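Chain nomenclature is as follows: A, B, C and D, assigned in order of appearance, with residue numbering initiated at 1 for each chain independently.
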Amino acid sequence: MNEWVYAVIIIPFVSAAILVVLPGYWLTARLNVLASFLTLIAGLNLMRIEAFSNSYLIIDNLNIVFVVLNTLVGVTTAWYSASYIGHEIETGRITPASVRFYHAMYQAMMGAMNVALLANNIGLLWVGLELATLITVIMVGIYRTPEAIEAAWKYFILGGVGISLAFFGTILTYLAGQQALGEGLPAMSWSLLHANAGKLDVPLLNLAFVFLLIGYGTKVGLAPLHAWLPDAHSEGPTPISAVLSGLLLNVALYALLRYKMLIAANPLALQPGPILVVMGLVSLIFAAFMLYQRRDIKRLFAYSSIEHMGLITFAFGMGGPLANFAGLLHMTMHSLTKSAIFYAVGHVAQAKGTQRIADIRGLSVSHPGLAVALGLGVLAISGLPPFGVFMSEFLILTSTFAREPWLALLTAFGLLLALGALLLRLQGMLFGEPNEPTHTVKASPVPVVVHLILILIAGLYLPGALVTWFQRAAELLG
Amino acid sequence: MTSSVYSILGQGIQTLLVLAIAPAITGVTRLVKARLMRKSGPPLLQGYRDLFKLLRKEVIVADTASWLFRVSPYLIFSLAWLAATLVPTFATGLHFSWTGDVIVIVALLGTARFFQTLAGMDVGTAFGGMGSSRESMIATMAEPAMLLVVLNLALIASSSRLPVIADYLVTQPLAIRVSLALALMSLVIVALAENARIPVDNPATHLELTMVHEAMILEYSGRHLALIEAASQLKLVMYGSLIICLFLPFGIASVDSGPAAWFVSLVLYVGKLTLAAITLGLWEVSIAKMRVFRVGEFLGIAFIFAFLGLLLSFVTEELLR
Amino acid sequence: MVDAANPLAMLFIAIALLLGCAMLAAAFRGRVLGLVYPVSLIAASLAVATDLSILLNGTTFTAHLPLGLPTIGLRVRVDALSAFFGIVVNIGTFAAALYGLGRHKQLSARVEPFFAAFAAAMNMVLLADDAFGFLFSWELMSVTSWALVIARHEDAEARRAAHVYLMLASIGTIALLFAFGAMAGPAGGYDFASIRSAERDPLVTGLVLAAVLVGTGSKAGIIPLHAWLPLAHPAAPSHVSALMSGVMTKVAIYGLIRVLFDLLGKPSLWLGAIVLILGAVSTLMGVLYALMQHDLKRLLAYHTVENIGIIFIGLGLSLTFKSNNLDALAALALTAALFHVFNHCLFKSLLFLGAGAILHATGKRDLEVLGGLIHPMPLTALAFLIGCIAISALPPLNGFVSEWLTFQAILQSPSLPHLPMKILLPTVGAVLALSAALAAACFVKAFGIAFLGRPRSQAARDAHEADSFALSAMAILALLCIASGLFPGFFIDALGSLNHALLGTQMPTQSTIPWFSIVPIGDVRSSYDPLLISIFLLFCAGATAIFIHFFASRALRRAPAWDCGFPDPSPSIQYTASGFAQPIRRIYGTITFSAKEQVDMPPPGSSTPARFSVKLHDHIWELLYLAPARYMLAISERLNVFQFLTVRRYLILMFAALISLLVVVMVIT
Amino acid sequence: MNEAYDVSHFLAGLMLVVSFALIYQDRLLAVLRTFAIQAIVLALAVAWQALVQDRPNLFITAGLALGLKGIVIPLALHRMIFRLGIHRDVEQVVGVGLTMLFGLALTALSLMLVLKATASAPAVAREVLAIALAIILLGFLMMITRRNAVTQIIGFMSIENGLILGATGARGMPLVVEISVAFSVLIALFVFAVFVFRIRERFDTVDVEVLERVRGDRT
């Protein structure tokens, strides 16, 4: 049964190795999609596994969802980037040479993320995340423009420092487990650590959590550690923006959640709730304010990602079955919706030949299809029905207000601010008289449509399996 | 059996009575005013003569006028008549008296004014618009004031039906109340305004800048004009009988008490009405017309009085309890 | 699930029809768009029939679908209350759809699909029996109507309107989220059944009330949350404004009643007072705003604010009486409120459709350039006139009945125990009287300037009668206005079961009283017989006319207007809308809008015209909307420096965060 | 066992001193050399740990540290600096004295934290861990107080040194870690190379300012 687990990790790396040697854009793009698709199949097969863990890998209710999501978005993004990068090459914004290793790196990145998600070993998790980060750094710099290099540099420095802090936290965690579980692998495996959470060394655990929070929090993009995120999103190629927002942030957050589970399982350890709540609220409201000043469309949605990561962190900080459930749901919905938005945004930018919001007008007249996609995406991410985000925000706000009305007011304030900004920009881009120039983009509608349909279904009806996973995970998260 | 016959009979008499005496009452006021100005003045029956003369004349309708212009006079006339009929004059408990309570009466006048003002704007002249505009302005103050007055009395008598109120006020030996006094004052002011009387408006003038009611009906002629005149006379009667039935209802007969009693109270009623008309005449000669934009303040006073009266009546209720 | 016998199945079918054709229209565009209105007609009539049967039988049906929140599923329930509002909604939808049939030449993918979806969403709100379903449909209603508001997207005004609208709608939705969150409690008992049964302490109840008032008030357009109406209604296509103003605001009222009367249990003493005051303020301010307008649709929008205020007054009265255990009077007040809900739906839809007809015939919404339309479009004029009389609360039409009932309820104030409330009620009565008079003046202005007099522009001169669909839609509404004005007794009786469900009692049966008179409390207290009055009016007017024409003179001559002997051919001599309202503005506007009149005279001898200008301030808008927006923008500009720091500074931020967290941990452990 | 403690204590302390020296240095070349020294000390420390814990695989890490950080990277940077002709200038945002004070404060903080937290851990681990944290924070401090790309890189790598020290100090941390460390170093080198060269080919300077001309979203 569990060969599928290895498949999820091996397929990407193997195909990466193959893609490195293969020349030519056309072929590699197709192979990329194929490989991602195979990974998806493997990932879907994981759903049939009840639970599984060995000394290196683990499948449980928490990460199964993330793996499936990861592989799924992996496929759609691969599909999308096939058409997107193709267009970029045609218009000559990137040379074939610079995308020589693009698909190899893409697969390697997906593999790394899967490693991080499936790792039953805090070190392995770290390695996966690190690898994914570094690869994305390179991909962000792919356009070789000053802005791109600057963004990549910023991303690298901040991400690197963050990741080192996370590593120190990992060491501390290991030490915390060392007493109880003895030296070597056991002290690093999730399953054992979580099983013996009560016996861990509490002060070390607390110290560890601080470093992990700052370290992985940087990757999650929580303010004030967020600085790399907007530029990386806006300067890199759009498929990478989609992956960053849709997946990498999730993987980082997944790491945080793992540690939160650990620390929540130990009654003596410090309660991370308040810290998470504060960081979440700060990110949410800060990002909401920043949205109003954005002039670059991709940066706009990057900040919206910060906002939503803040909301999710807030939900987990509140804790309790409802809020945790909502947090997990919102995480899933956000990565589906946000990647859909980036797909649309990428094509919009190609259609208008610019990323300046001010230069994008009247899409609903000039490019109805794109307009609908973008519009639905933005309405969905703003938490308007009939899409899934509405359900998660419903749960977060209601449950919070029932417990801490003031916090709920702050959250609502942030959400409304964000809605106002996004709506303002959306209306500006979609409506009014269309402006020149407008190019035609032969975009494949499949990725966007798939995502929108998924979040629409989620908004109306959640499949029972998903619900049970979420509920069990929510219980674990305490 | 007899009672229902009586009530129907009484209703019929009242319905015709108000129509019949309306021109005369206006005549009385005119006469008084003329005499006080040392003029001989028109005879009492002049009002009737004018109406018949107008009825026989040909109607000249402005070619910009619409069907509304021609329908309005009839509506206004019947609305005023209906309102006047609903107010108890000489007897309470008439057959159709339950058709509408005092709020309905006020509202009926509102409907009449609605059509009047529209008709004023129909032809599309400057004066028509001016008249309608000013009339509406006056109405926005007068109508609520009047409604407050009647609400006040309705609260005191715990009924909004005029006959019941009248009976209550007759039967209850109630002390002079400040609230009632205030109510009376404001009702009088409203009555002056609503009937286009000095100081709010001057029924005799055609001096453009001062006129309100006359400006609205400027384009009317012949039978239409006659109907509107009749309507305003009816309105005057209606207000007169309203004031009478609310503030000096003594001697008003119950419908079952038979024709003899009716006759007494009818004479009494006509007497009170004439008295009211004479007072009105005295009042009109003794003061001057005020500027249109002072009217707001004048009617504001009415509104304030009515409102104060309302509050005071509650306070006294509390104190008496 | 639902079996076929269950009326819910009918309602589901109606909703499914609407949603289905919405999706089809969105998918295929083109000629399929034309499908929307016929289907909406069918669905609406189906729903009206079903709801009517439910209302009259006073039965309740529930269903449980495996959708929505995974924990509780989707609860569906229809009772007398939702049935009544279902009737209101679907009558409005029917009329709007009928009017829409005339649009077959200007079908647009920006309007038709959303029209159907909007109608469906409103029906869904009424059926929802759990918080999620309710808010889902509620917000869906907002989104679809937002799309309709921005349909004319080339117009910057429309875009602004849409933005303000969706923002206010979302504020309202979030307030309602809070309300339901507080009602459901941390455990998340989101279905109404458990909310009804739940026990909660007064503080929570207070929170819920505040939230609910904000939530429903922003949708209903209660002052000061009304800002979207005057923007959105002019922007939307007319039959949509009819739907939004005549129907959607009622759905908001439904939400309020559902929570205050059904979910929350016995109201506290002060609640009624709050609702009363809110209603009074909205009533007065709404009509004053309306008087200052000369854009027909803005004017109508502000009158919606006024009428919603009147409905609030009725609800406030009902709550007051209920909290003092005067259930019979509570029933009277509630009936008045609901009757006004129904009436307002009728005449406001009628008026907006009329405005639409004018807009279509002249392309103008501005009263100042209209005039004399009664000649080219007599039927529209007649229908519009009926609407005006009805909304001005003049007998014998329906608007008056509901206000009369409200006054009857106000007259019961002596039966309240506390002096403050005793006095508050008549005060509200005064406000009601004042605004009724002002409303009449305002509609004299609206009708007089638009339809009477001489045309003020070429567009008005070239106007043509509305198409037959529009006319029939308006005719239906006008007839309903007259019918419900003449036979209110049946209506009151129809609400019996509803009152029983909510208050445990109901008003005395009316339809058996001779002459279709209505006697709300007792024979001696008050009575009103619209039928008799109208018979008398018609008879008397007719008789007079015939009499005069036979026995006096019937001669009639057409001639130029006399106008005191100095007629002026130019139509600009006529009073304008602003001119008409000037005396009223001088009295009421000086304080309310701090109106400033300015006349600049040319120097003697110069031939330049003198200029007269008026400056009005919308204080509510400036204080409650513009100022906060400005602050928010300023803050965001301040914060924006964080986008432009150097990597080093970002590192410093990170470092600071790390150190402070370390210190915190060191301190707390 | 005792001398084991002493030696590791000594080496770790030495590293701490060296990173203080790093902060103190204000000449680019000197900074480079100091860094090399730190790397060598690190190599020694790791080797000693390998000896004490008798985990031969740690020797790999030691070798990596020595080879890469002690020799290759310093040389590479050295050459680049000369090619760019910036071997003289160094610029600090904060004065040396103040920086040193900060450094002392940070060291104190880290000692307090770790010693407080690891009451139950063996002495060696406590020592090493505390110093490792201090080194990390000092590296961080260096990145903050220098504006030059090279110095920032060096600061970053001294953070890495601290990490490796800590990792090896923690007894019996499985191979995964060394791999990860080594590999992170490699990636670091690679990325730096890419960047520094790209910076040069674009701007002929490694001043970070040129990497902050745009800072996104100005237009």
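Note that in this section a residue touches a chain if its C-beta (ideal position, glycine included) is under 8 Å from a C-beta of that chain, and two chains touch if they have at least 3 such contacts.
Since we're looking at a predicted model, the values are computed, not measured.
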*asked:* What's the minimum number of touch steps needed to get from subunit A to subunit B?
replied: 2
*Determine, using the mean of C-alpha atoms as each chain's centre, which chain is farthest from subunit C.*
D
*asked:* Comparing the two chain pairs, does A-D have more C-beta contacts than B-C, or is it the other way round?
replied: B-C
_Intercentroid distance (Cα basis), subunit C paired with subunit B, Å_ = 35
*asked:* Rounded to a whole Å, what is the gap between the Cα centroids of subunit B and subunit D?
replied: 100
_Geometric centre distance via CA averages, subunit D-subunit A, whole Å_ = 31
*subunit A and subunit C: spacing of chain centres that average the CA atoms, whole Å*: 44
*So which bits of subunit B are touching at least two other chains?*
none
*What are the residue numbers in subunit A that touch two or more other chains?*
153-154, 157, 161, 165, 203, 206-207, 230, 293
*Would you please write down the residue numbers of subunit D that are in contact with two or more other chains?*
113, 116, 140, 143, 152, 211-212, 215-217
*asked:* Output every touching chain pair, sorted by label.
replied: A-C, A-D, B-C, C-D
*Give every residue of subunit C touching subunit A within the complex, in rising order.*
66-70, 110, 131-132, 135-137, 139-140, 142-143, 150, 153-154, 156, 159, 162-163, 166-167, 170-171, 174, 177-178, 180-182, 184-186, 188, 190, 207, 632-633, 635-637, 639-640, 642-643, 645, 647, 650-651, 653-654, 656-658, 661-662, 664-665, 668-669
_Which residues of subunit A touch subunit D once you look at their complex with the stated criterion?_
121, 123-124, 126-127, 130-131, 134, 137-138, 141, 144, 146-147, 149-154, 156-157, 160-161, 163-165, 167-168, 171-172, 174-175, 178-179, 183-185, 188, 201, 203-204, 206-207, 230-231, 234-235, 293-296, 299, 356
_subunit C to subunit B touching residues, read off their complex_ = 371-372, 374-375, 378, 381, 385, 389, 392-395, 400, 404, 407-408, 410-411, 413-414, 419, 422-423, 426-427, 429-430, 433-434, 436-438, 440-441, 444-445, 447-449, 452-454, 517, 523-529, 532-533, 536-537, 540-542, 544-545, 548, 552-553, 555-564, 567-568, 571, 573-575, 579-584, 586-587
*Using the touch definition up top, name the residues of subunit A that touch subunit C in the complex.*
153-154, 157-158, 161-162, 165, 202-203, 206-207, 209-211, 213-214, 218, 224-225, 227-228, 230, 270, 275, 286, 289-293, 320, 322, 364, 379, 384-386, 390-391, 394-395, 397-403, 405, 408, 412, 415-417, 419-420, 423-424, 427-428, 430-433, 460-462, 464, 467
*asked:* Quick check: in the complex, which residue numbers of subunit B touch subunit C?
replied: 55-68, 74-75, 77-79, 81-82, 96, 98-101, 103-104, 107-108, 110-111, 113-114, 117-118, 121-130, 132-134, 136-137, 139-144, 147-148, 151-152, 154-155, 158-161, 164, 206, 208, 218-219, 222-223, 227, 292-293, 296, 300, 303, 307, 310-311, 314, 317-318
